[in-house]
Every structure is written in structure tokens, then in C-alpha cells.
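Working notes for the structure below.
Chain naming follows the written order as A, B, C and D, and within any one chain the residues start at number 1.
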Amino acid sequence: MIEKICSLNDAVRNLVRDGDGVVIGASLETAIPFAATYEIIRQGKKNLEMIAPISDASTDMLIGAGCVGAVTGAWVGNVSGGLGHNYRRAAEKQIPHALDINDYSNFTIGMALFAGAYGLPYAPVRSILGSDIINSNPAFKMATNPFSTETEPVVLVPPVKPDVAILGVQRADAAGNNHYWGSSGLAQEAALAADRVIIVADEIVEPEVISSDPSRVLVPGFRVAAVCHVPAGTHPAPLTGRWQRDSAFFNDYHARSRDVDGYMAWLDEWVFAVEGAPGYAEKLGERLSALKIAGSWNAAPANYAAE
Amino acid sequence: MIEKICSLNDAVRNLVRDGDGVVIGASLETAIPFAATYEIIRQGKKNLEMIAPISDASTDMLIGAGCVGAVTGAWVGNVSGGLGHNYRRAAEKQIPHALDINDYSNFTIGMALFAGAYGLPYAPVRSILGSDIINSNPAFKMATNPFSTETEPVVLVPPVKPDVAILGVQRADAAGNNHYWGSSGLAQEAALAADRVIIVADEIVEPEVISSDPSRVLVPGFRVAAVCHVPAGTHPAPLTGRWQRDSAFFNDYHARSRDVDGYMAWLDEWVFAVEGAPGYAEKLGERLSALKIAGSWNAAPANYAAE
Amino acid sequence: MADYSTQELMIIAAAREIRDGELVFVGMRLPITAYGVARLTHAPNAVGMFEGGVVRDAPAEETLYTMCDPANQRNAAWTTGLIQVMGHLQAGRVDTGFIGGAEIDKWGNINTSYIGGHEDVQVKLPGSGGAADIAAMSRRLIAIMNHEKRRLVERVSYITSPGYIDGEGGRAKAGIAAGGPAAVITDKAVLRPHGPANELHLSSVHPGHTADEVIENTGWELKTAPGMTETPAPGEAEMTALHQVDRQGFWR
Amino acid sequence: MADYSTQELMIIAAAREIRDGELVFVGMRLPITAYGVARLTHAPNAVGMFEGGVVRDAPAEETLYTMCDPANQRNAAWTTGLIQVMGHLQAGRVDTGFIGGAEIDKWGNINTSYIGGHEDVQVKLPGSGGAADIAAMSRRLIAIMNHEKRRLVERVSYITSPGYIDGEGGRAKAGIAAGGPAAVITDKAVLRPHGPANELHLSSVHPGHTADEVIENTGWELKTAPGMTETPAPGEAEMTALHQVDRQGFWR
């Protein structure tokens, strides 16, 4: 077994490069590894192309910190508060600098990652017809369905292949094999389309735990470059069966990021002044304990015996 | 909850119509509900279009019994024995009658079902280039990748939408919700592309068992038309964690189906002379007990609690 | 008459748009609760889909803040991926879809991307999310938004989510086969498309508001539909269901 | 010299084609065992893929009859669907793919569909299964078959699985970027493509056979490759590994 465990600090340092196309969580509002968002900000990565359907407030944070050169996705904001203030400032006033925005819808970025994952030359879809997304993003091409007897327009979506996909999961082993349950959005497609995958695991387990249930694997270990053990590494996003969503945290972020000074103060408090993921968890303290899911609602057993 | 439990006899009678496009198992060699194959033969369905990547010997049996008008898929034979004798007789000598053969590869029938399931107008692939499958099946169209600067041919695969998909699973509830684990081939795509889904369940469980683990659901109940309780309903195909493959049965079928008389005798013995699935299980007797997986290799627990 | 907030009235009006046995693309926020109300009143067999990859055949047992909250995963009918659920939209299987909006025009086109347009951005909104997909591919679209003159405009500056585009035959010209907005539920009224051009007309006015006030707060010359009426106030059964779904009174 | 059957020699020859760390598309029957032998000898980090939807990073603990047997599911690295694993092929990530064949020609094209061709069917074979996909999209293809004159022919009557098509540049003309047969392992010899035309040449002759016998049993004028040699007999470590994988002596 090739050991892939390392600190998130090392994983971001070695695997995320300036200018990379990066996915941080591809399940919309759950399992977003905000710990990686913060670490990328701390390390001052530049000119990243953030790829996601919706990654709650993660992309907005990175934009405000000056890490982002382009957004390739369907939505940037804050699910609790609506608008993303940093996204607005960048798009409207080039603060902290200008952004390239590549507009997608959730389904079209989904099919773009699907095509990237599984080597399709492109994906023809019936969506975004009639939408200005076709006009504002030159990546799409229009075509006519050759199987239709009538003139039926379709939109061709080219593959998107991230350089790095960083995903939150409930548990992983040292070789990068991992289990994920609950809605997964585009997490599997994003990982399999990516050149490098970083797994942010709430828990590290023995290999036998993962191999006991190969149908629950999100990304097989041979596609994973690094595994980082970060308990509650998705905070303030939820993680099914492990952590509640911290909606108050999102609301506070929304209120404080309304102007640049407020955002900078928030950033100092929650990112720069804490020592990595452990410091962040320590700062959350009791608040984190209150978000921990303590109950049991266990999946019915499944037997894989072969004799 | 809408109750969908019925006998396999009723499900086949009411939901499989002469001329239908039918999937019986889409996971290649596992979880093929042979009980449905036998029931279709007993009821003398005609002119079916059998759709599958590989369904081990199921399609060969149906062809020999005169139920099949067309084959849309990648492979028809007997995984233990190689060739399918009934398929050969039909294709070479029109015995019992002629067949339309729509050639696919596993990946292209996979993408055809994917397109059918998720409403894509078609799927462009890089496979079967250089293969005569492109020439012998007029369903495919050739195109050039408009995203490539060089002339790059791609093959366009139109959607395939079965009328009926019949799938074997480990367990289901009365509303059709079900759990499946182990390799699933194209089972989910086939079910979601189909107009009607029949679930052949090794075990019927309370709804709470299925809803305890929504990530293990193969086909959600709202897409299921009927649930049939047939223990060992996949015999002689295996079912992960439940039943071993009966390779001797496939070998015996291969040997006896070598000529028409032998096949007819086999059919009398194993299909017409037994009273449905219970009679078949009874006839297998000790042999079935020996195939039953008695050991335990349990999936690690997964918690879905929300508080 | 029951005691209810404007948002509760909007939720109940939205719930009434869901028919029994339908496949409903639920979306975010207010429609999550509307689906729960419909499920507990007139539509016990409606199935709800959430684009993150959740399918439910019963409402969640706690108030949801987002569609992906643990309470929406637990006891779901299916937790899967985005393509699996949005693929149902593209396959034409979704009966009713819900979206919100920042700006809508008289043809029901919705902008959640660029106020001022793509070339002259005045306000950068979060973008489509799944809205463009839901608007293009649901059989029937329900939009929910606040009724302000600057939001209900003659022509949106960017179509994120297509309504009837430019009126009669607009969707067909764009290659979208059917569907389109069936109702726009605001905090003051319900608008519905009328006539072959499918222009949005005033269909019902919420209790406590007047047609004149609604017209005044609309950015185009809003016409009233024949048989224009008052939006029925929430009934007792509806309010009971709503209180059951929104236990913590989030929408009160 | 170790005691081994012809099939065991073929398995070991196939195992030698797998390099450490590779992603291997294993296919059916004999290569299942070859993957296990490679994994236990020189390629401890090779990952095996099976088109039914199984990925393994360690050989199964029992003899497998088919790739989907319960013993191949238990302790797998991933059990998933066909598109997930074959998608790795299309994405160009699979290093080595294995297929069998009923008929092969000197350009390495393989027919498993129609002997006599599609219009004049003499023998209907089962069809492609995944073979056409594996042949078109693996970086390196290994074919395994019996060495008979009627099977190794000048030109196959139907190309199920493309080799080099018609020789030099054949794959590029068909739009297939790279790959093609790297070895054809028969019960008598190993053939490999040689020269710019990639015509299959005799590369090594199995112990107990002669080059003349192999040429005699080939349906085209088989040329010998420079440095043609004897296939090395199985070594002790290889046989130990083989016995560990094939516990019941299925291939003895």
C-alpha cells in the first residue's frame, strides 16, 4: 500500500499550483472542505480557476482573498445570505482584481465534468437553450441533433478537467480509499476528471473498513494523491451523519463581508490568526461541539461474504 | 405508500408486452433475474427486443424459445461455455426464426442507455472507431469533434429506451424502493431509461430498512412498477453476498443446448415442467442450498443521524 | 380567518401548484416548505427532487436551511448525484419545477446573473445554479419572488432562465419543446401567462392588497386576466400542515 | 524446470506484460489469473479493472469463474458501474487491456462477431462485449487465443476489435490516437507488431514448439522478428504466485 497521508498544509503546498483549475467540494452545500479553502488563502495561492456547480461561500471567500483569476461554474454566493459580496466587488469593480467568469448552469457544469471524467469529446444537452448563458460563455457550441427529423437544436458542452479536486468525505484509509454517503452532487465526476485528488477526511480508518463496503467508495485510492485528516474539515458546511451546517457562521460571514474592511477583519480572525485546521477547531470550541451529530441512524447491514 | 408487490407471473403478464424492448439484468454476469427469463418463456412472449451489454445465457435461452425478434447489445452467449448455440442457430439458420441484430459494444450500449436515462439527445464517444460495428449497425452516426483543431472523428450513439427493465436486487420494500450492492454494470442506467421497471428481490424488507441507507438505493420506488419476491431469483447467476454462481448449471445448459432437441428437453425440464419460481427452487433443492452464501463479511456501519 | 405571514401565504400558494403524484423539482428555501405542505395535504404521492442529489417521498422531519442539510439526507428515498436527478429534468420527467429570481419580465424570463447585462454589469448576482436547467426542462415552472417595480421589468437585461423568451412561439424557436412559467408567486399576487403570447397577467391578488397596488409595483403595463380574483387565504388544514413542516416558525 | 501446463505458461506470459503501477483492464477468464500473478510478483501496485464495475488492488482470494463472482466483489477496491470503469478507458487512463479472440489477422484486428462477415454469416460469435472498447482505447492491447491456421488469418472477415486496421497509420486514419496490440499470446508462441506497418511477427516460441510449426499453423506468411527467441519457461516465483491465485488448479 502506498501511504498518502499528509497534512493539509503539505497537500495544498505540493498539489495546488498558482493558475490551477481547482474544485473545492462539488456537492453544492454539503461536504465542502472549507479547511482547504482557508489553507489556500493562508498560502496565498494566485490566479486559481475555481470550478464548481455551487460551493456555498467557499468561492466567494477565495475571491475576496485575491486567490482567484477565473470562475467556471454555475453559482457563486452564500446559500444563507444569497449574494456573495466579494464576487460582486470583483465582477462589478475589479476589487481585489478582475475575474474571468465562465457561466454554466448546474447541469451543464455537471455534464462538462462527466465528459472530463469519462473521456467524452463533449456532451450534447437540451439545457440552457433559450438562456443567455449560451451567449456569455463562448465555450459552448450549438449544433443540430442529427437523429431528429426536425431541426432540433442542442448545446454541445466541452469537457472540463480540473487540475485538482479537493473533496470532503466521512472516512478514508491511508491509501486514499474512502467512503462517502449522502447526496454527492458532482463529487465523483469532479474527482475522476481531475489530475490530482486531495481527500479531506473527517476520520482515518483501517483499510479493512473501506474494503468492507466497496460500493460506498466515492473515489478509489488509485486516483487519490493525498489524504488529510481534518475532523470537521467541512465546517461551516455540513457532512451527512457527522456535522450540522453552521448557518449562523454563514450569516455572520455574509454580514461582515459586506465591505472590504469587514471582510479583511473576518479573514484575519478566521483564517490568518488561527493555526491551521487544529487552531480553527480550537477557536470554534463549544460551538463545534454543538454542531456534532451525536445520534445514531444506522444503515441496515449489507453482507459481501463470498462463501 | 403505493403497494407494488405482485407475483412474477403477474408482473410479466401485465408489464411485458409482445414486441417490447426488454432488459433482463444489465450487470453482465451478476444479478440477472433468470426467474423472469423463465417466466417470459412460459408465457410465450413474442418478438421481444432484448437489450443488454451481456446477460450471460439469458438472451440465448429466450432466443431458443422463440421469444426474441431482435437483439440490441454487445454480446450473446454463455459466459461459461462461450458461444450461445441458440443465438448461432437463429443468426446462421433462422432457427427458430430470423433475428435482427443491432451490434453494440459494452461501452456504446452503456452510453446509449445513459442517454436514454438522462434525456441526452445522443452521446458522442471515442470507442468503436475502427470497428465494423459502425458499419453493421446503422444506428450510429459519424461526426467530427467541433472542439478539436484537428479532424477528429467521433461516433454518435443515439439513446436506447427500453420498454421494460427487469433487475435483480438483494432487497426491496413493498413500494419498490430497493438496495443493491456489488458491481452494477448498467443496471441503474437501464432502469432509469426504461418506461417500466420490475424489481426481482431476493428479500422483501420493511421500508425502514431501505430508507436507513438512501445512498445504497439502485432505483427509487417512484420509478418502479412492480416488486416480485423471488428468493434466489437470479439462479444460476450470482448475487453479491447472497448466492454463488452455479457454473455447472451454465455448463450443462451449454452442453444440452448444442442441438435443438437437447435444448427443447432442457427447456421442458427447467422451465415448462416446474411451477414457476417456487417449483424451480424446489427442483434445485440441495443444490441451491450449496450455493447459498452463509458467511458474514459485513459493511462497516454508516450513520445518517441528523441531530 | 387564520393568522399567517406573507411568506406563509406564498408557501401555501406554491404548495397548491403541486398536483398529486407529480415529480417536483423543489429547489431552495421557500419551495422546500411548500413541497412539505403539499405532501401533507392534497398531494400525498408527490415526489420531491433536490439538485444536490436528494429525492424524497416524505417531507424532512426538521426545518431545512439548505437542501443538503443532514435532515434532508436522513430518511430520503434516494441520495445520489446531480446528474441522476437533473437527468430526470432533461428526460422530460419533471412535472413542476420551482425557482426564485431577482428580475423577471413580462414573458417570464428570469435574470439571476447580471443586472445591467453581461457587457455592462451593474449588479453581479450569484448566477444560474440549477435555475436555467429547471426553467428550460420542467413541464411547468413556478417562480417565486418579491414584487417590486425594479424586479418585475419590461425586459430582463440577461436571460438566465428562459420563460417564453419573446412571447408566442418563443420557446419553440429556441428549441425548447414545452413548459414555461405557469405561475409567478410574489408577496402581493399571483401572475399567470395568458393568451397565445403567454404574457404574464395578474391572476389573483393576495388578501390585503389591491390590483391597483400590484399594477403600480410592476415595471410593465400589467394586464389583468379574465376572472381575476383574490388569492384564497390559507385554510385550516393548510396551516396545520405548514406548522407541522415549519416547526420552528422560520417563515412566520 | 517447473512443471506447468500450456495454459499456465500463457497466463505467466500474459502476467509479464503487466508493468508495476499500471491500470490494467483485465477482462475475462485467463487474464483474471494473469493479473493475480503479476500483482504477486513484479507488479504489486498494478490496479485491475473489470468491465462489470469492479476495481481491485489485490487479487481475489478464490478462483474466479467470472469477473462478477461474489469472490471478486468481496474486498474489492471499488464496486461501481460499467461507465465508471470503461470511462477510464475512454479517458486514456488504461495502460494495458486484455481480450480474447476467435479470429485475428496479421494487423492484429480481431473478430468475435461474424465469421464469414456480416453479410454472409458462417458462424455467429457472441459479439464484442467490451472487446471493441478495450481494443480501441487501451494504450497497449494484449490478445490471448489458440494458435490455429483458421484463427490466425490474412484478413478477418469482420473487425470487432481494431488492431492496426490495414497497417501503417491505420489507427490514426480511423481516428484512434494510439495504442494497438503489443502482444498476441497463443498456446504456441508470442507474436508482436514489428516495423512501421505493425505487422504481427513471431517474437518468441513456447518451449516444446518450433518456429516452423508456428509458421505452419498461421494463416498468413508469418515473419520472424529480429531477435526471435524461446518464451522463457515459468520461473519458480511465478509458479508459486500462480498456485496461490489458482488454488483449485483450474488452469493446470
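To be clear about the criterion, a contact is a pair of C-beta atoms (placed from the backbone, for glycine too) under 8 Å apart; a residue touches a chain by one contact, two chains touch by 3 or more.
Predicted, not measured: the structure shown is a model, and the values here were computed from it.
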(request) Count the smallest number of chain-to-chain hops linking chain A with chain D, moving only between touching chains. (result) 1
(message) Tell me which has more C-beta contacts between its two chains, B-C or B-D.
(response) B-D
(request) With chain centres taken as the means of their Cα atoms, state the distance from chain B to chain C in Å. (result) 40
(request) Please work out the Cα centroid separation of chain A and chain C, and write it as a whole number of Å. (result) 27
(request) Mind checking the centre-to-centre distance between chain A and chain B? Centres are C-alpha means, answer in whole Å. (result) 36
(message) Using the touch definition from the top, which residues of chain A touch two or more other chains?
(response) 119-120, 125-126, 152, 154, 181-182, 184, 188, 215, 240-241, 244, 293, 297, 304-307
(request) Return the residues of chain C touching two or more other chains; collapse runs of consecutive numbers into ranges. (result) 54, 69-70, 73-76, 79-80, 83, 86, 89-90, 137
(request) Please list, in label order, each pair of chains that touches. (result) A-B, A-C, A-D, B-C, B-D
(message) Considering only the defined contacts, which chain B positions touch chain D in the complex?
(response) 27-30, 53-54, 56, 73-77, 79-80, 82-84, 87-88, 90-92, 103-108, 110-111, 114, 125-133, 135-136, 152-154, 181-189, 238-241, 243-245, 247, 293, 297
(request) Mind listing the chain B positions that touch chain C in their complex? (result) 2, 117-120, 175, 177, 188, 192, 211, 214-215, 217, 220-222, 304-307
(request) Using the touch definition up top, name the residues of chain C that touch chain B in the complex. (result) 23, 45, 47, 54-55, 57, 61-62, 69-71, 73-80, 83-84, 86-92, 137
(message) Which residues of chain D touch chain B once you look at their complex with the stated criterion?
(response) 28, 50-54, 65-70, 73-76, 79-83, 86, 89-90, 113-114, 118, 121-133, 135-137, 158-162, 165, 170-171, 174-176
(request) In the complex, go through chain B and note every residue touching chain A. (result) 119-126, 141, 143, 145-148, 152, 154, 156, 158, 170, 179-182, 184, 205, 209-210, 212-213, 215-216, 240-242, 244, 293-307
